[in-house]
Amino acid sequence: MARDLNVALIGQAFMGKAHSNAWSQAPRFFDLPVNPVMHTVAARNADTLPAFADRFGWANWSTNARALAKNDEIHLVDVSTPNDSHRALSVAMLEAGKHVACEKPLAGTLDEAREMRDAARKAKSSKTFVWYNYRRCPAVALAYNLIRSGKIGEIYHVRASYLQGWGGPDTPLLWRFKKGAAGSGAHGDLNAHIIDLARFLTGDEVKEINGAICKTFVKERKRLDGPGKGKSTVDDSVQFLATFKKGATASFEATRLAGGHFNDNSIEINGTKGSIRWSLERLNELEYFDLSQDGRTRGWSNIMVTDAGDHPYAEAWWPEGHIIGYEHSFTNQVADICRVMGRRKPAIPLPDFEDAYQTQRVLEAALVAAKARETVKMSEVK
Amino acid sequence: MARDLNVALIGQAFMGKAHSNAWSQAPRFFDLPVNPVMHTVAARNADTLPAFADRFGWANWSTNARALAKNDEIHLVDVSTPNDSHRALSVAMLEAGKHVACEKPLAGTLDEAREMRDAARKAKSSKTFVWYNYRRCPAVALAYNLIRSGKIGEIYHVRASYLQGWGGPDTPLLWRFKKGAAGSGAHGDLNAHIIDLARFLTGDEVKEINGAICKTFVKERKRLDGPGKGKSTVDDSVQFLATFKKGATASFEATRLAGGHFNDNSIEINGTKGSIRWSLERLNELEYFDLSQDGRTRGWSNIMVTDAGDHPYAEAWWPEGHIIGYEHSFTNQVADICRVMGRRKPAIPLPDFEDAYQTQRVLEAALVAAKARETVKMSEVK
Amino acid sequence: MARDLNVALIGQAFMGKAHSNAWSQAPRFFDLPVNPVMHTVAARNADTLPAFADRFGWANWSTNARALAKNDEIHLVDVSTPNDSHRALSVAMLEAGKHVACEKPLAGTLDEAREMRDAARKAKSSKTFVWYNYRRCPAVALAYNLIRSGKIGEIYHVRASYLQGWGGPDTPLLWRFKKGAAGSGAHGDLNAHIIDLARFLTGDEVKEINGAICKTFVKERKRLDGPGKGKSTVDDSVQFLATFKKGATASFEATRLAGGHFNDNSIEINGTKGSIRWSLERLNELEYFDLSQDGRTRGWSNIMVTDAGDHPYAEAWWPEGHIIGYEHSFTNQVADICRVMGRRKPAIPLPDFEDAYQTQRVLEAALVAAKARETVKMSEVK
Amino acid sequence: MARDLNVALIGQAFMGKAHSNAWSQAPRFFDLPVNPVMHTVAARNADTLPAFADRFGWANWSTNARALAKNDEIHLVDVSTPNDSHRALSVAMLEAGKHVACEKPLAGTLDEAREMRDAARKAKSSKTFVWYNYRRCPAVALAYNLIRSGKIGEIYHVRASYLQGWGGPDTPLLWRFKKGAAGSGAHGDLNAHIIDLARFLTGDEVKEINGAICKTFVKERKRLDGPGKGKSTVDDSVQFLATFKKGATASFEATRLAGGHFNDNSIEINGTKGSIRWSLERLNELEYFDLSQDGRTRGWSNIMVTDAGDHPYAEAWWPEGHIIGYEHSFTNQVADICRVMGRRKPAIPLPDFEDAYQTQRVLEAALVAAKARETVKMSEVK
């Protein structure tokens, strides 16, 4: 019988809800070598916490997140708080011998991320995980497997964008527009995901950043806490170009000002043998172009990635063609975390702090490029 | 009755065929204030030229293109030769008082382009045109009209790419891979088009280039004229980021190594009031997202741009839903050239040498950025 | 505080899993006026039942489904067994004063369905529900609301098909191919759903069946329980034409032999003011064409039906653009059942036995048309 | 050198324009064994005819179509008049020894069509052709080749619809709504095309009609020639079900009341080995699902049917990805007519009067089924 993995969650907001659901659903749909037990949820707001715990099935609740470190019953701590608290919580839990699963991006700053990476290195008996959950959309996992098995060949281009449209001038001055709380705007929120996907799918690392634009279009927004307007101190969009070590060229774009796109995390990869493309808004579908196909019938193949026999994670869910949704990526991640905790292989590799630190370096390098590097003014070109 | 416009064409290759068709078809489908007469075709290869002239209905043929300048019957010369001869032919014709319609890009180099622009300025009684034909796909013309009428608002982002996939390592060393003949690779061939579209649709000019990658992945290719391999001296792909004067950020990409894309000239523009997107592979369709729509039914509207009552150029062609193809963009351009020659308004503005020179400057600036500007090495970011 | 609704489920197969998940998830994502309690699961196979109960959180399990009728703690019985047992179980539970939620189609035969309808009429204090869950895909619910608010106008055409592709000659003689157990093939399984959707969305009833084809292409299949082949005694496909009372014409098709379609339940409705179309394989999207739009920008609007402010059920789930999956339609149905049990309005109407009996009549009428009515032989037409 | 084929066209309306363009364009883009010469155009309206002849390059014009029979210079007569004159003109021309290319449907009535078929049989030295031009969209021709080479296997289902939306109640009483002139409404206009496509692609013949609905929703329309309303005497929509001789089941639908569809001629075919689907609104694309593909990457392949090396007709047009339009189907047909006249093989088979007569029989049989056969009233099914 599967041994228990006692889990504590910190956070009860959007990610708290998504993670709670995942811890609850995973053992219902997967056969796992360890049994995740929803032991305790911790968060600051005691007004809402008991109801949250009750609703999602956490056995206990606490407003003292730091105290989890001392609770010997807890095996793994899931850090789902805002970015600026990732470091302190994660390091404390690692030092207390807990396994840690931290929300992305790893930290609010590169310095914090490095500290976390170092703490993870030291904590030899602890495992670390980062919630780059989109790796575990079955179509992304299939893309990973196709690329690893040589179907794309050597990679020429990566084209990654994460487009949202909710950040127009009518949107008020939410915490997401304040650098103190959010660290950055679209960059850390969205580019983090597509940098992770690009690194994960290519199996390659960025060598250099060839240019970047970091832009705040809407400089002032209506205050939520009083009359008048206040300053937005984060980026609305960040675009950058990069070159990978093995030679692939890549473009990245994150924005909250692309009207018509809601959650459009898209990636396309072109190689010597074929191409793949994917979008989160139709997350069950992977498009694949095989350059070796017969010319008469060659085309983009729209693969419905829902076949239990052939596609990652599909065995846990519904019959072919019965699509899954956004939150299943988290549930699939819980399943893989439990596999790793039970010394089994995950369906596809999980990101740890070391891995997520590399993504954070790319985030940082893009900002350096946006700020420090000279542009070519059109006035120089007569 | 419409007065005659005697036209001479130089060139009998791919563009010679497309232009010949356009000169022939335009008066059949449009009511025009001047009547284009296919007077003479000039080209070097006398073996194939008479048959070409006969097939497309050119009344005369000649192997001496320069002599067209002295033929008083010719009113307009259509220069459809490789880029390296645009300057000499166009300037000679302008100096002889001819109107000139030149293939894109304006020239092989910026210096040549500037000379052509200057010659056009001097030739006050001559009109100049450049074959940036995709402006005249009805869906692009509709997008132009929508943007001009304020439907998109102030522009945040331009996302333009021209992806083709024919340039893999099995493709031999065609003239297109030799810098001498071709000037550049994907850059001049493909980026030229999308820079023109971005400038045309936004009505704005590039202020600066924020980064660029120019890359030759396939360095050697099988010779056509002998055994062994020879060097490719042009780019396979060029990506760059730019900022427009009014603040919009833009990304551009041209490549011949995007397997699965055949002629995928795509552009998307996001603004304060809405978005548009378009691809040449489905050129009859424009997608439009109106941010002011009722939230319940708001979505990307897929507009079939074929309605004679509502859509540019559609009155000349077939009933609604009966789509047109690639070559109609040239025919629509001939119609607009004839309108301008007859002192009428074109459906949408035509690019002249002055305009195309601005596009050439952006092409050049992107190369400067790719070559001269420092990148951020990942090794700098610990 | 919400009063408890004690629920018993009968069945532990595919539908048992989907319903269990829905009873478990609904109170986590919705604020409901009654609180569904997963009291007991009943099924025949005692080997697997305890683990099933444990996995999905049923407090008790029993191999005696009939005994649920006598358990005073049970308020509602969810009948998720094969079609041939719907009648006996549902009638028994209604006679015992339970509320009943029965899987679709209502019964294996029209006679049984009528008996169930009559039992429901008699059981005045009981409520009945039928699991036509696809009504509760948010995009379908939105379509219902648009049609009710007059956006489509008077209806001309309904085009409904439910295409699957798993039933080729290599598929063995599963119970689904045996009339005794399954009642029918694609017809009861798939046409039932689209008849319900067509009736629900139009708000109209079928007046007559204008023709039908019921076909078994694969007459023998490999036995599962021994060597050799056995007879398939159900239809592989049923197509029929119908006219609605208010005049709309309709086509229906169910098949398991449409290779490339996995779970493609699609419906399109055309009316005097507009059209809608939808497919279950992209269940988060509704396409809407508004004939009153400006001709310049008129097109099919692809609506991402995920906006909490504007779209049915979306408030319970994730932010805009974060799509949901197949099983959410069941969870949404549980939420509406709980609303009705708590004397609130469901988001959109729920089907009861009376309603599902009308769908069963259409199923039957189509078979009558397929079997009994004369066709026009081509040999009659010289 | 290619021998001349002197062609006379009868008609100067929509089809006159499409055919004139095709006769003119074919020899420019194809290398043909006979050279079509645009000898004479005949039509009734002498006011517009000379300009029409001039515009499209007809050497002569005449208001006496019948006189073409006596002109020994004419080899082939292209009958592009309304349906009610097809018989008289075609029979006269066949009796005069001309080859005849007649617009579809073959005739206004089945009796007329039979007479034409008989005349064609007698005129042994004449060839006949019918303008079922959509066979010659390259994607349809590719589908034909794929099916013939066994890629689809034995056929289970044909799903064909031709949906237009222009026929709402605001559309006035055009000649198309008068039975005398038009013969029928959507049925002869649109179902004719999809019956031809279904017969052509399957290589099979209809055995029986299993049901049909013929419906006039808009019974009165605003008169064009005076005040008030007049009766529409044709169908707005006709749907029918059919069974093919080899067993495939098929559904057909033609309507002018499907708002949002402009020229949506769509067909899907499912077989034992795969499926194909196609729509005229994206006529350059064929979708193909190969059931024998590897399950991991199996999906609908979207084939851009524009590759000169691999796809029918593509060698005549533009490079890969440069799409063609509606009128190219006619030009491709002229090319194949010239090939046949020059004793070469057409790219794919051409329909002659014998063939088109079979399509007319199916049109007729559907109407018989709609009028004469009993329906199943819902009131019969309790």
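Letters A, B, C and D mark the chains as written, and numbering starts fresh at 1 in each.
To be clear about the criterion, a contact is a pair of C-beta atoms (placed from the backbone, for glycine too) under 8 Å apart; a residue touches a chain by one contact, two chains touch by 3 or more.
Because the structure is predicted, anything quoted here is derived from the model rather than measured.
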| item | value |
| --- | --- |
| Shortest path length from subunit A to subunit C (each step joins two touching chains) | 1 |
| Copies subunit C and subunit D touch via same or different residues, half shared test | same |
| Per Cα centroids, the chain farthest from subunit B | C |
| Separation of subunit A from subunit D, taking each centre as the mean of its C-alpha atoms, in whole Å | 53 |
| Inter-centroid spacing, subunit B versus subunit A (mean Cα positions, whole Å) | 40 |
| Per-residue overlap in subunit C, given as positions that touch at least 2 other chains | 300, 304 |
| Complex contact set, residues of subunit D against subunit B | 14, 18, 21, 24, 27-28, 55-56, 164, 166, 261-264, 280-283, 304, 306, 317-328 |
| Subunit B residues touching subunit C - in the complex, by the definition given at the top | 142, 145-146, 151, 286-288, 290, 293-304, 307, 309-311 |
| Partner subunit A, residues of subunit B touching it in the complex | 110, 114, 156-157, 159, 161, 165, 168-169, 205-213, 215, 217, 236-237, 239-241, 243, 247, 249, 251, 253, 255, 257-260, 268, 270-275, 289, 291, 300, 361-362, 364-366, 368-370, 372-378, 380-382 |
